[in-house]
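So that you can tell them apart, the chains are marked A, B, C and D in the order they are listed, and the count of residues begins at 1 in each.
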Amino acid sequence: MLKNHPVLKHILGRAAWYLVTFLVAVTINFFLPRMGKANPVDTIMAKVSAGLDTKSANAVEEQYLKEFDLVQVDAHGKVVRGRDGKALKTSLGSQFVNYLGMSLRGDLGGSILQHPKRVSEIIKGAIPWTLALQLPTIVFGWLIGNVLGALAAYKRGVFDKLFYPGALLMSAIPAFCFGILLVYWFAIKREWFPAVGGYDEGLTPALSIPFLSSAAYYYVLPFLSVFLLVVGGQAIGMRSMCIYELGTDYVKYAKLLGVKENKILYYMFRNAMLPQLTGLAVSLGTMVGGALIAEIIFSYPGLGMTILTAIQSNDYPVITGCCLLVTTTVLIANFTADLLIGLLDPRIRAVQGGK
Amino acid sequence: MATPPIFEVNKLRAHYLTRFGQTIQAVDGVSFALKEGEILGIAGESGCGKTTLVSACMGLYIPPLHLTSGDVKVDGQSIIGMDVERNRKDVLGRLVSMIPQGALNSLNPTRKVKDLATDMILSHDDKADKKEITGRLRERFEKIGLDANLVLDSYPIQLPAGMKQRVVIGISTLLNPRVVIADEPTSALDVTTQKAVIRMLFDLMDAQIIGSMLFITHELPLLRHVSSRIAVMYAGEFVELGTTEQVIFDSRQPYTKALMGSMLSAEPGQKSKKPVAIEGAPPNLGHKIKGCRFAERCPEARPDCKENQQLIRIVKEREVRCQYAE
Amino acid sequence: MKLFKNLLKQPSFIFGASLFLLTLLLALLGPLVFHLDTKTRVGLAYMPPSAKAWLGTDHLGLDMFSLLIQGLRSSLYVGFVAGTIATVVGTAVGVYGGYKGGLIDDLLTVLTNLFLVIPSLIVLILISSSLEEGRSLTLIALLIGATTWTWSARAVRAQASSIRARDHVALARINGYGTAGIVALHILPYLLSYIFMVFIIQTATGILTEASMSLLGLGPYDSISLGKILNEAKTNEALTDGAWWAFMPAMVLITATVLALYVLNTSLEGVFNPRLRK
Amino acid sequence: MPNNDITFEARGVSRAYGHGKKQKLAVNDVSFKIRDKEIVSIVGQSGCGKTVLAKMLLRLEQPTSGSLLYDGKPIASATDPRQHWRQVQAVFQDPFSAFNQFFTIRAQLKSSFNLFEQKPSDKEMEERVDQALLNVNIKPREIDGKYPFELSGGQMQRMLLARIFILKPRVLVADEPTSMVDACSRASILDYLMKLKQELDMTIVFITHDIGLAYYVSDSIFIMHEGKIVEQGPPDDVTQRPQSPATKQLLDDIPDVHKNWIDRHPAA
C-alpha cells in the first residue's frame, strides 16, 4: 500500500527516525544525571531532617525513597525489604522502565526544591512564556532574515555593502550580550522598558487587558535581543546561498529566455530556501539554547529561568524535565522542517518515491 | 538577392573585463548573415570564443562581458544598444532564442516544465490568459513530438537526459523565434539521443517555427549533416566561411584543413587515412596578437605570417583568413 | 602562496585576521606586559575606571582589567581545546565515513544525525549539573568538544565523499597506495582548507558555549572566564548599579573574538570555495 | 592445453547494485575472452554497463557473480592487489580530475614507481619520466614545476598516457579517454594507444560510446547494451554486417561525414 504513496512513506520514515531519536534523548535524560553521585533523597533529607529523631527521619526518608522510585515497592505499596530489614534498592533498569512509562504519560517526577510539587506543574507555568518568546522570534527572524539575505545577494551594490557587515556583526553577537546591552541602555539608563520579569509584579497572570498589555511591554526587549540576531545569522546564510543560485545554469537559461526578473528572483529565493530549511534543522538547537540564556538576562519567567533556578538548588528532576521538554520541542520542530523540505523539493520526493 | 537576410552580424567585437583590469577580446570582428530557413554551423576548439559569441549575438551584455563594437540586426532591425528591459521583452526568446549546452542543469529543478514554459510566455506577453497558455503548450508540445501529458507535469529530475534536452528545445522555441542559437546542444548526449535532437531541430525548421539557426559545435562531422554553411572559428575570429561541401571536403585555410585532418570516421577504407592532431594551444586572447593567430601551430606557416595581420579574402568563392590560401 | 596573496587582497580577511591577532596578543602577552592581580582587592566594590584600576573594580573590589585578561585567556583556551577536539574527532569520523563507506559509516551517520538534532547545550547542562565534583576549565572544554563534533563530522563527511568520487583517487589506488596513503595524500589536502574553516567555527562555538554555561552557573570553579565575569556582574547587580565597566568590556571581548572568527571564516570561504567547486 | 594468449576471460560475470526489489544489474551475465596484444573496444550507450565492466577488470569493483579471470586466475585471487595493477593499468575519462591538484605533474608521474617492487634510483626515475614524456610528444622541461590545473585537457590526457609509458603494463584499460577532450585532440590520443600496442605489445581494452573511434583502433569490438554483450567480432564484420539491432542503431547514429545520416526534408 505504501508503495503507491511515496509522500506518506516519506513521512512515516521520518517519523520513525525521529521516534528513535526521541528515545535516545529520553535515555540520555535518564542516565546522564544518574552518572553523578547526586541522590535527590539525600538533598531533601539534608533540608528536612533537622529536628527529627532517627526513627522518624528514617520513615520520612523511606517515604521519599519510594516516591523517587529508588526502592522496590510491592503490589500493596509497601516497601520490599531484604533479610537484614533494609529496603531493597530498585535496579537502574527497572527505574528506567518506570521512568519511560512516566515520561510518556507526561509525568516528569517530583521537584526537590518545591516538594511535593510535580515537575510537570512547575514547567507548565514556564512553557507559555518560552513559547511566546521563541516561536515568533525564530519563525519571523528566519523569514525576515532570509528575505533580507536574498535582497542583499540580488541587489548587491550599496545595500549589500552596508547590510552585509551589519548582518555579520549581528550574527557574531551572542544573544546574552545583546540582551545585556539592551537592558543597560533601554531599561537602566533610559528606563523606557522594564529590566527584568515578564509582567508587572502587581498583576496576576490572567487573560485580562491590563495583564496582556503589561506582558507585551515586558516582551519588547527580550524579543529584540533574540530576533535581531536570528535575522542577522539567517541573512548571512541566505545571502551566500542566493549568490550561488544566481550563478547556476538554470538562472542563466531563464535570463536568456527573457523570463522576467521577479520570476527569476522567485526561482532563486525558493531554491535557496530549501538548504536554509535544512540548515535550520541543524541550527535550531543552538538558537533555542541561545534564547534560553537570553531569558536569564531578563529574568523572564520561562524555561531558561526555571533551569537556572533548578541548577542553583540542585533540583535534578526539574533540570532533566526541562531538558527533555526542550529536546522534544526541538525534535518536533525539526520534524516539521523535514516534512516541509520533502513537500517543497521535488528532488527529495523523487528520491523517496524511488523516481 | 531576392530574400533579405533574417540575421545579420556585422564586425561584432565583444570583450571581458576581468577583476584585475585585463581585457580579453573573446570575439574579434565576426561578420555573417543568415537567410530564412538556413542553418549556419560554427566549429572550433574549446576556448575559441564560440560561447561568448552566443551572448554577443543576443545583445545580452552582462558584465564582465562588454560590447566593443559592431552591430547585430534581426529582420533589418538592430538589437544592439537597447535598454535591458526592452532587450529582455522583445529580443530574448522572441527574436533570438538559445538552446544551452548543458540541458542537465538548465531547467529549474523545483519547477514543473509547464510552469517554466508559462513563465516564459507570460514574461513576453502580460495579457496572455493562463488557461489559454496551457492549451497552447499542450498543442505545441504534441506538435513537436513530445508527450505533453507526461512531460508538462513533470519536474526536470523525472526526465531522462535526452528528453530534458528536447524539452529545453521546446521551451526555447515557444515564441517562434526568428533566430535560434544552439550552443553544443548534443555534446553531452550519446549518439542515439543526439540524432533524435537533431531530427527535432529539423522538424522545427521545416514547420517554420524557427526562422534560421546558428549551430555551434566542435564536431565537424556533425555539421556535415546539420548545416548548409560552416564558419570555422579560431581565437575569436572566423578563419573560413563557406558552404558545408567547401569547408569539409575542400578546405583552403590551414586551420580548417588541420581540423578536418584530425577527424575520424567509421567508413571502410578510412582506416588507412591517418588522422593528425593539431599540436600546441591557441593564443592567449588577453594579449594583443600581432600577425596570424594560427601561425604558431600552422604547418604551412611562412616567416612573414607572424608579422602580418590576416584579413578575410575570397578564395574559391568562400571567405578565408589567410594570405597564402588559394 | 598565490592563495595567501589572494587572501591579503580581501579587506575582510585583513580585518578578521588582525582583530583575532589582537585578542590573541592581548591574551598571550597581557600577563607579561602588565602587572596583573586577580586576588588582591584594589579598592571598594564597583569603583569606576581610574588610574589605579584602568577598568574599575568588580563587586569584590578586584581589578577588572586583570580579571578581563585572565578571562580572555580562559575563554580562548576553552575555544581552542573544544574546537580542536570537535575538529579532530569530526574529521576522523567524517573522512572515515566519507571514504570507506559501508556498515560502520552507516552507523556513524545515524549516530551523527541523532546527536545533531539533540541540542548540545542541553546535553551539556545534563552532564555538568550532575558532576558534583565541580567542573574545571579543561573538563568544560572537553565536554564541549565531545558534544559538538557531530557538526564537523557531517560537514567533513559530505566533502570527503565528493572527493572520493574523483578519478585521482582511483588513480592513486591503482598506483598502489593503501588507505592511509590515499587519505593522507589524496583526500586530506583537498579538505584542509575546509577543515580549517570548520575549526574556526568550532572554536567560536566553544567560546560561546562556555559563556552560556557560565551564565547558567555551570562555569568553571577554577578559573575566571569572560562568561563568568558576565555572570558575576549579572548576579551582583552591576547592571542596575550602572557599573558598565563590569560587563561591557567582557561583552566587547567575546563579541570581537567571535566576530573576528566569523569574518575570517567568510573571507576564507570566498577564496577556497571556487577551488573546491572545481 | 593452457590458453596463454588469453588475457582476460569472463564467465557469466554480473555486477548488481542495490538490494531487494531496487536491485539493478549493471552488468548482466557477460562472458568473453580478450586476446593478448589486441585492442578490444567495448562500445555502448551511456549506462550500458561498460564502465562498471572496466572497473571490474581493474579490480576496483568486484563481480557479484560469475568469474573474471586474468591470465587464467580469478582477478581477486592475489592478496596484494598491486600485483594486478603492475600488469593492468588505466586511463580515465576526465583528465581534469585524474590528477591530484596539490602536487606537480612530475611528482605524480614519479609516484607511479610506487607500484614497482624495487624502486629505481632517483636519477633513473627522472630519466624514465623524461623518456615517457617524449613518447607523448611533450618536452620534459615544459612541465617542470607545473600543476595539473596549468595544463589543457588534451595535455592532461597525454600525461595519463605518459604514466602508462612509465609503467609499461601488460594491459591498458582506457575508459572513454577521448570523450572529454576536443574533437581535434582525439586523434592524437588514439595514436598513442596504437603506439602502445605496436611498440610495447600491450593489450588494450578501449571503452567508448563512439563506434567510429572503436572501428578505427580496434582488432575486435564488443557491443554492450543494457548490461549484456550483444555482439562481438572483428571491426569490419561488426560495422559492415551488424547483426544486433543495438549495433545497427549505434552505427546508424554516428554522424559520419561520408554517409547519409539524416534527411533534412523527409519525402513529403
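The rule is short, and it goes like this: a residue touches a chain if its C-beta (ideal position, glycine included) is under 8 Å from a C-beta of that chain, and two chains touch if they have at least 3 such contacts.
Values in this document were obtained by computation on a predicted structure and should not be read as measured data.
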Labels of chains that are neighbours to subunit C and to subunit D: none
Remotest chain, subunit D as reference, centres from CA atoms: A
Chain whose averaged C-alpha position falls nearest the assembly-wide average: C
Pair of chains joined by more contacts [C-beta pairs], B-D or A-B: B-D
Distance between chain centroids, defined by C-alpha means - subunit A, subunit B (Å): 56
Separation of mean Cα positions, subunit C and subunit B [Å, integer]: 53
Centroid spacing, where centroids are CA-atom means, of subunit B and subunit D in whole angstrom: 32
In subunit D, residues with contacts to at least two other chains: none
Touching two or more other chains - residues of subunit C: none
Category of the chain touch graph - line, ring, star, complete, other: ring
All touching chain pairs, where touch follows the definition stated at the start: A-B, A-C, B-D, C-D
Residues of subunit A that touch subunit C when the two form their complex: 20-21, 24-25, 28-29, 32-38, 168-169, 171-174, 176-177, 180-181, 183-184, 188-189, 195, 236, 240, 281-282, 284-286, 288-290, 292-293, 296-297, 307-308, 311-312, 314, 316, 319-320, 323, 326-327, 330-331, 334
Residues of subunit C defined as touching subunit A within the complex: 114, 116-123, 125-127, 129-132, 151, 154, 204-205, 208, 211-212, 215-218, 230, 234, 239-240, 242, 244, 247-248, 251, 254-255, 258-259, 261-263, 266, 269
Contacting residues of subunit A [partner subunit B, same complex]: 248-250, 252-261, 263, 267, 270-271, 274, 344-347, 350, 355
Parts of subunit B lying in touch with subunit A, wherever the complex brings them together: 55, 58, 60, 62, 88-89, 91-94, 97-98, 100, 102, 105-111, 116, 119-120, 122-124, 155, 157-158, 168, 171-172
Residue ranges of subunit D touching subunit C (in the complex, touch as defined): 58, 60, 82, 85, 89-90, 92-94, 97-103, 111-112, 114-115, 149
